[in-house]
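As written, the chains take the letters A, B and C, and residue 1 is the first residue of each chain.
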């Protein structure tokens, strides 16, 4: 029994957030009247400090600690920084919204912080046990947050649906993990990859486990055919929570997918590539077509989110050709990662706009609520224009480059393999993006060419306005200079 | 047949019988009690596998706490089992077919030779004085300390979520705050008024 | 002993281990039942004297045959099953209360080596067995098909689950300082320490360094056995007799037996975990079984004393005491003990 004391410094961000969450729990239970603002500011402080910690405390080289449960690398550091930053933004956007509806209990802030902790754990997990626990920590907090508007039947129903389906997905994931454990005798991702590589023979049990693990991942990403919860949850949850559910967890799910599939089960790439392709095609087609029919903007964004996740998977799957990785693989993975980060930027701004239009006693939920926004606030109409154009993939916004890099990766895979299938895939993706442009542009149309039904002024605080503007402008800015973000993605992946 | 094997089959038979009882009995309280029986037998089987800590923890946690609360809830609810069971028999054949197909598919996929069980050798006999509990504790607080702590966070989140979603300060609640009750001083309740003596005529 | 048993063993052949175990079980259970019977008498006498009464004194000299008379009466009474009760569970209920109360004795050591099963996970076994006893109460309360009985069952559930936690946590403290789950080892471990070396063994027992845990364990034990002042489960003045209200004759007697057997069990466990088991308080008197009996008697007397002294807790007060006082207190003391053990001033090396 030899045991090496873990290196706690490597896990500093997680430990810090965990400790702070307990501190905040104590502070809020004793600070009676100021509990809400104390919780808010302490959470913001914790998240921003965690961003700082992940960026400056991490090592450049890959290092493991906690007996191989935790991996510290640039990829994890960067993604965790993005997660913490986006959760911090979520809290700021949602604060007034939650307060107006009297559901901004201190528990709301604490649960959000716990969800962030779960995502961080998930991102740097390199062992099935820590992956699963990170996932559960994140999901459990999110289930509760979705239902936190407990007097609203839609919110509780959404929470219930999310919980039941999420628990089912967790069960499938665990089942798959246990199969992989049975076949390889290890839960550690690198060891699993090693064992599968050594075995050379393609064991059926491993593939069997892979299927279930993949279903679990697909559920968390919300891709077809495991997308049923997405529209209902996005629609039913308070918009501030929808903002959270739709943004940071996608990054965490990407990291989980990358670590399990690419790092752990690379030798089964031929199998999972095919499955990912089916998931991606289904999501892109169904997401875009169903979004066209929506009048509720939250549901529309939910379906658009499904199609975006499909795009991301398209990038992830084109990293391997005939079970072999190559130099183009880095481009493919980094395109998927770039897509995930870009999507989070866009979805934050999009739901941020939905929140901006809502006020006490009024939910801006329908596309029609955006009518005549240009007359009410030309500035924010412009911001929404940027977001919608970017989501639609119109050139020189970040969404365009995200789509472009994914398509490039698909075509590159097609060039290497010489299979026409990849070109068809790219063609289909372009076609569906064109369909998708319709419903994004419809929002722009009602903003600029319809008369305002509701002419009351926007009520958001200066902080939210500034942050939302900065968010939308950053979409434009990164769209003009996409290279540095691309390079960060490629650089962190290479290490 | 050696005695351990006999015990295994006895426990397994009761376990399966009790599990069938859980889903087949018409009364939900009976179902819950059957589940308790099933847990007991599962614990006994674990005991045969020399996993005594897990076996006892199963009884302590599931039988001693979780199922008690379960029973508590089941007894309070007035569940009309007959109404829930409507259509049970008509759905049964379909359900059985689906289950059979799934089972056969899985068996085919995982393949013959009982999923490669023969590749897994029997574990070596533990040395004398080997304590399962100690070995588990060692792993739990060294190699698995990180997930162990994470699991505690998961439980904490569950607790916070349960409180956040259900706790309501009801209007007209008559509960007394014991601290306030103790802190009461005589001057809070008692007022000494000096009345001038009245003259009687 | 061996020589005497040899021919008997030969007679039973392969079944000998079974027969021998049964004999040992009988040797534990029979005196236990007798103790239970006389504990009921002791209770009435002690409380009587505390309330300046005499207590039962009619049957036999000084009332010494009273328990026998009670037992006979209960045995000959008719067992009435309420018309719409769940018959099966109604009958099984009392047995489910009784069985764990007896089964727990399997691992209790009476003197060095004198124990039915000297298992390594004895403490865990005890915790799990005692947690199962509650099923009888719930089942009986539900199967009686009576409002009072059901209320009693529900109250019992909540109360026992709450106090089990506090009890479990205080045992964690014991576990930490003794480093073993074996009850014999726990007792032996208490005989070491600075005071024991200087002849004052009783100051080395667990009750002193683990005083908060000892107090919590004892009081939770009272709550766990549903004794006054935690007897809202029976609550004669509000829900008549709780889960027992519909029972008569032997069914009722079983509940009673179980309650008193549990009292003796908790007393025995308190003595073993905190009061040094069979060990003598001072070095110049030898250890032995009589010490254990004396300690059990002392704790039992406390039980009776509590009953005679305190008024019944209100239900919310019970819950508050369990969750908001005992559990935080035990958790805090576990922390203290942990820090203490790691510090240079540790007394458990």
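In the analysis below, contacts are C-beta pairs under 8 Å (C-beta built on N, C-alpha and C of every residue); 3 or more make two chains touch, one makes a residue touch a chain.
What you are looking at is a predicted structure, and each value in this text was computed from that prediction instead of being measured.
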Using the contact definition from the top, classify how the chains connect: line, ring, star, complete or other.
line
Most remote chain w.r.t. Chain B, using mean C-alpha positions, is A
Please indicate the chain closest to the centre of the assembly, with centres calculated from CA atoms only.
B
So how far apart, in whole Å, are chain A and chain C when each is placed at the average of its C-alpha atoms?
55
Inter-centroid spacing, chain C versus chain B (mean Cα positions, whole Å):
25
Centroid from C-alpha atoms only, then distance chain A to chain B, rounded to Å. What do you get?
33
Where chain A touches two or more other chains, by residue
none
Which positions of chain A touch chain B when the two form their complex?
1, 3, 6, 11, 18, 25, 66-67, 69-70, 105, 107-108, 110-111, 114, 117, 121, 127, 129-130, 133-134, 136-137, 140-141, 143-144, 147-148, 150, 159, 182-183, 203-205, 207-208
In their shared complex, chain B is touched by residues of chain C numbered 89, 120-121, 124-125, 127-128, 131-132, 134-135, 138-139, 142, 150, 153-154, 157-158, 160-161, 164, 181, 316-317, 320
Listed in rising order, chain B residues that touch chain A in their complex are 106, 109-111, 115-116, 138, 142-147, 149-151, 153-154, 156-158, 160-161, 163-166
Residue numbers of chain B touching chain C in their complex, please.
29, 33, 36, 52-53, 56-57, 59-60, 63-65, 68-69, 71-72, 75-76, 131, 133, 175, 178
